[in-house]
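Read the structure below first, then the notes.
For reference, chains read A, B, C, D, E, F, G and H in written order, and residue numbers begin at 1 within each chain.
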Amino acid sequence: MEIYVNGEKETANPGETVQDLLVRKGVSGETVVVEYNGKILDREEWEKQFLEEEAIVEIVRFVGGG
Amino acid sequence: MEIYVNGEKETANPGETVQDLLVRKGVSGETVVVEYNGKILDREEWEKQFLEEEAIVEIVRFVGGG
Amino acid sequence: MEIYVNGEKETANPGETVQDLLVRKGVSGETVVVEYNGKILDREEWEKQFLEEEAIVEIVRFVGGG
Amino acid sequence: MEIYVNGEKETANPGETVQDLLVRKGVSGETVVVEYNGKILDREEWEKQFLEEEAIVEIVRFVGGG
Amino acid sequence: MEIDDKLKIGDKFLSSRLLVGTGKLPNALLPGVIAASGTEVVTVALRRADFHSPQENPLSFIPEGITIMPNTSGARNAEEAVRIARLARAANCGNWVKIEIITDQKYLFPDNEETVKATEILVKEGFVVLPYVIPDLVIARRLEEAGAAAVMPLGAPIGSNRGLRSREFLRILVEEIKVPVIVDAGIGRPSEAAEAMEMGVDAVLVNTAIATAGDPVRMAGAFARAVKAGREAFLAGLAATRKYASPSSPLTGFLHEVKK
Amino acid sequence: MEIDDKLKIGDKFLSSRLLVGTGKLPNALLPGVIAASGTEVVTVALRRADFHSPQENPLSFIPEGITIMPNTSGARNAEEAVRIARLARAANCGNWVKIEIITDQKYLFPDNEETVKATEILVKEGFVVLPYVIPDLVIARRLEEAGAAAVMPLGAPIGSNRGLRSREFLRILVEEIKVPVIVDAGIGRPSEAAEAMEMGVDAVLVNTAIATAGDPVRMAGAFARAVKAGREAFLAGLAATRKYASPSSPLTGFLHEVKK
Amino acid sequence: MEIDDKLKIGDKFLSSRLLVGTGKLPNALLPGVIAASGTEVVTVALRRADFHSPQENPLSFIPEGITIMPNTSGARNAEEAVRIARLARAANCGNWVKIEIITDQKYLFPDNEETVKATEILVKEGFVVLPYVIPDLVIARRLEEAGAAAVMPLGAPIGSNRGLRSREFLRILVEEIKVPVIVDAGIGRPSEAAEAMEMGVDAVLVNTAIATAGDPVRMAGAFARAVKAGREAFLAGLAATRKYASPSSPLTGFLHEVKK
Amino acid sequence: MEIDDKLKIGDKFLSSRLLVGTGKLPNALLPGVIAASGTEVVTVALRRADFHSPQENPLSFIPEGITIMPNTSGARNAEEAVRIARLARAANCGNWVKIEIITDQKYLFPDNEETVKATEILVKEGFVVLPYVIPDLVIARRLEEAGAAAVMPLGAPIGSNRGLRSREFLRILVEEIKVPVIVDAGIGRPSEAAEAMEMGVDAVLVNTAIATAGDPVRMAGAFARAVKAGREAFLAGLAATRKYASPSSPLTGFLHEVKK
């Protein structure tokens, strides 16, 4: 199953959730915000949202900026 | 018959044309442009356009400007 | 006996000292410096210096300045 | 015989005049001014002034300047 | 060498890079000011005829061959500007128009957004459009795309004679915009006009500085020279500035040097 | 009207208020630069003749009728300046001299005090003396009393092209000094020359900005125009500046006004 | 006396009028810079997580109690800015947002019109909106009407350290706009921050000038003092300037006076 | 880090780089102004006692430990300055003296040459001499050679509050002169004091800008902060300026990038 994570095409495993993706990517949940198919996902939804074919996932974080 | 000439209410005589109005106002036709009810009137139309009830006539001219 | 105090001609009494002049002028000695005939007088000399004919006495003090 | 021309030590021949020096140096007389031992030499004096031991000769000209 | 240095605006080739505004000038002074300025383009405004105190048409005082550029002063939005532009064109004095859309009466700043809209409409109607704007690069690019014949950023508020207060931003427009950049508003002195031209600005429009000078005709001549001076300097290539001094007379051959 | 606007220096009446320095310019360019500048006064320097690489006399390239003003560059004190002035006069090109006494080689600042001394001596010897100075009012007054034909304060260090950095002080000299004030050194652009003239400065002396321009002849022409522009503006009377805007088009007769 | 001089933005009352940007600063320097600056508001940006070189969250280095103001950098229009603002708010660090919409990559100028649109949307969604704009009075008024918590005009291009090049226009915004005016972008030196505050600007936002200083922590302290200095001077009432001198020592009682 | 940043003048080490003039200030305000300014050096003038309206001694209002620096105002030449300096020293308040020799009453410009003479004499008599001068490099070098403890060039005419009009020349003094350079006269705003310090000036002397402010005590505090801000910025190392923009937020990781 193909998905797009931060603009790059990736393969997701069937049954994987957003939470699984974050763990696999080594991302600490406390520091990011996730947009799934254009909709911001609340933290509690990460475990419930299964990755779907062609899903567009954006995982963003803060950086220094002016 | 009431009309508005350059924003002021005036009384026009029945059968008066735009051309008549200009003459009555002492305006030299060569130096002005006339808008009748929001439409620019060509010079040749001045004689043909009869003044109508509530007509809005704008008679404009050039002045110094920056 | 005529003397000049701060540019103004004045009459001094015979036997008057610089110290006497200061007292007469109501000047507190702690705040002024005295020049007598172009020479700065130390404080201890005020009592010893008798006023002489045509003496030029300058009594100066500090004021605000930039 | 040693002389100084424009700050450089040179040997002059006995009997040489300032005029001779200029010719030897290839200098067109119309364009220069000559100072001989601190004194400006008029043009007519060039032929009369013999070079003397230790003479200081300055030969100057105009250049572009601001 | 100056033969080719013409400024193309619309379909005209201008020899003079000084545009002159006719506001605040008695008609009688117009011929003298225009002649002294050498200008080829003057602005005029459009107003309702005043039947009680009729005034002579300023156009009668403007020589043949001068391009008339009516402005849209009085317009508070794109719609009003378009209306004024159309009326002006109906007077048969050409198809140039200076867009001037103002809501603020204290500083007379243009409304950039409405100006873009009016430009888009009037360009489509065949006008040669010169919009007066705040020097904003994003807006200038949009005007360029919309087909403006030039962009006319301000140097300072209209009539303030405060000079090139916006020079930092004018410099950037000159660098980035391909259509001519004409500084309109604020220039108060010939030296400021020259400075603008040295920066590479294509032309300047001057009104108040001439009209309110002690001697407007003489001042018009001063501006003509200054604009030409700045343009020529730009073309000649300005000398570089240096932090330290650099002698203008030679550094050798001093009388006091002892070589030996 | 311009017929009478001559600048009197010494016993000469100048029509052009642009003086030109010939430093850093190849002789071959001199005729072109002088013609384009319209100048009537040029500066030259005096140096020891170089027998190894003789150079043509710049004076051969300067047209008849131009006043030659030798400078005393190379002088480090009044005595040396006087010596150079006397040598220069012996060359039979007149009695004008620009006093330039410099000890500092980085910024080439003049020594005001030595300059006063040299001025006093040379005026007595019949020279027309134009001293180059730091813009210091006290010094300028002393030069005036000493009989200087003009005072020539700097705008910025020689050859720096940094412009009128001393404008605050130049303005005061113009206000207070009766002999002509000529800005010498620092002017890098025609707009700066125009600004100086608008301030009421009597003339400017330009060298590096012309000599190191991309095209010196063209730049000379640009300076000529700018100096004239600034002078004319000064004479015409500059318009006042205002904090707020002032409309250049009339404020009545707008289309959108409803009177009743 | 300074107790009451707080700056209200949204529902916060700020004691410090220096806002600090965290760009170009290593996280490790953040605590020191923030402490030295005394700031109560810092900006951050939002970017895609980089899985290959994970970086520590700058928020971990920002003390409790500091207001976080995410910017919308990267947005090229209103829609993208709104999306970024919403994502930022979802990170639970408050509802402040600096709108920064940029299409031009050379000068990084904001798109004023898109900024107005984004402001209108985000204000309705409950954000405290601080838009970064070109100093254009018409736009500033529209932002004010749209409910912006402040307007943040630039002094010069972002990161250029060129100072208050737009001062003429900032001055006018201060005069005309009722919501706080914060100068954002361009300030390169503490003296420039002080000057802005003396003009009556309500606060300044500084990033590059601190981050690229030799010693950022020390520079942060310098800016803190300068901002306070400028503010206090504004409140104390600046002395008037005069064309002529005015003695600071008394004009009477001189030793050399002879009264009789 | 700031522990060592003391300014040595004569045999004193100053922590504050703000010197304060007491002119035009009622005595009652002196303690507050001095405390708020943090200054360690104040100037006073010497005048004939006025027997008709005796005034309290300002020195009674100046706290212990503050260095008193009498000026020689009223002096028109070196001789008078020396006389005043000696009288002032006889008052037993130390051996510092600010030389101020003025003949021009409109612009109050110092006479540089007489100032050099007075400095030479007073240094030999053991005074710590701080001469007030026109910023002239040649003069500053002579003062340095004469043993001046500092040189105090003006920024603009005394009391004019016109700021650093001489900045071009101050910059050069800072670069070339080894003794402390203190800007005296002209500074009208804290931002200008900060700018001077950023340039590397060692200290500033302020009088009129504080004394004629709306609230002199508050303004004194503003100047204290500004001077410290400028000094700290100088020590921290000012960031470079750039012609173009430089993003303060990262240029990668934008949401809109499509990598594949």
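Keep in mind that, in the parts below, a residue touches a chain if its C-beta (ideal position, glycine included) is under 8 Å from a C-beta of that chain, and two chains touch if they have at least 3 such contacts.
Just so it is clear, the model here is predicted, and its values are computed rather than measured.
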Chain separated most widely from chain G, comparing mean CA positions: D
Pair from F-H, E-G or E-F with over half of its contact pairs in common with G-H: E-F
Pair joined by more contacting C-beta pairs (C-G or D-F): D-F
Length of the line joining the C-alpha centres of chain A and chain B, rounded to whole Å: 70
Averaged-CA centre spacing for the pair chain E and chain C, given as whole angstrom: 72
Whole-Å gap between the CA centroids of chain C and chain F: 55
Where chain B touches two or more other chains at once, by residue number: 6-7, 58, 60, 63-66
Touching two or more other chains - residues of chain F: 21, 23-24, 45, 47-49, 71, 73, 106-107, 109, 157-159, 162, 207-208, 247-250, 253, 255, 257
Listing of all chain pairs that touch each other, if any do: A-G, A-H, B-E, B-F, C-G, C-H, D-E, D-F, E-F, E-G, F-H, G-H
Residues of chain G touching chain H in the complex: 1, 21, 23-24, 45, 47-50, 71, 73-74, 76, 80, 83-84, 100, 106-109, 157-163, 188-192, 194-195, 198, 207-216, 218-219, 221-226, 228-233, 235-250, 252-257
Chain B to chain F touching residues, read off their complex: 6-9, 58, 60, 63-66
For the chain H and chain F complex, residues of the former touching the latter: 103-104, 106-107, 109-113, 134, 136-139, 141, 156, 162, 165-169, 172, 176
Complex interface listing, chain G residues touching chain A: 21-25, 27, 30, 43-49, 51, 54-55, 57-59, 70-71, 73, 86-88, 90-91, 93, 158-159, 205, 207-208
Contact set on chain H toward chain A in their complex: 247-250, 253, 255, 257-260
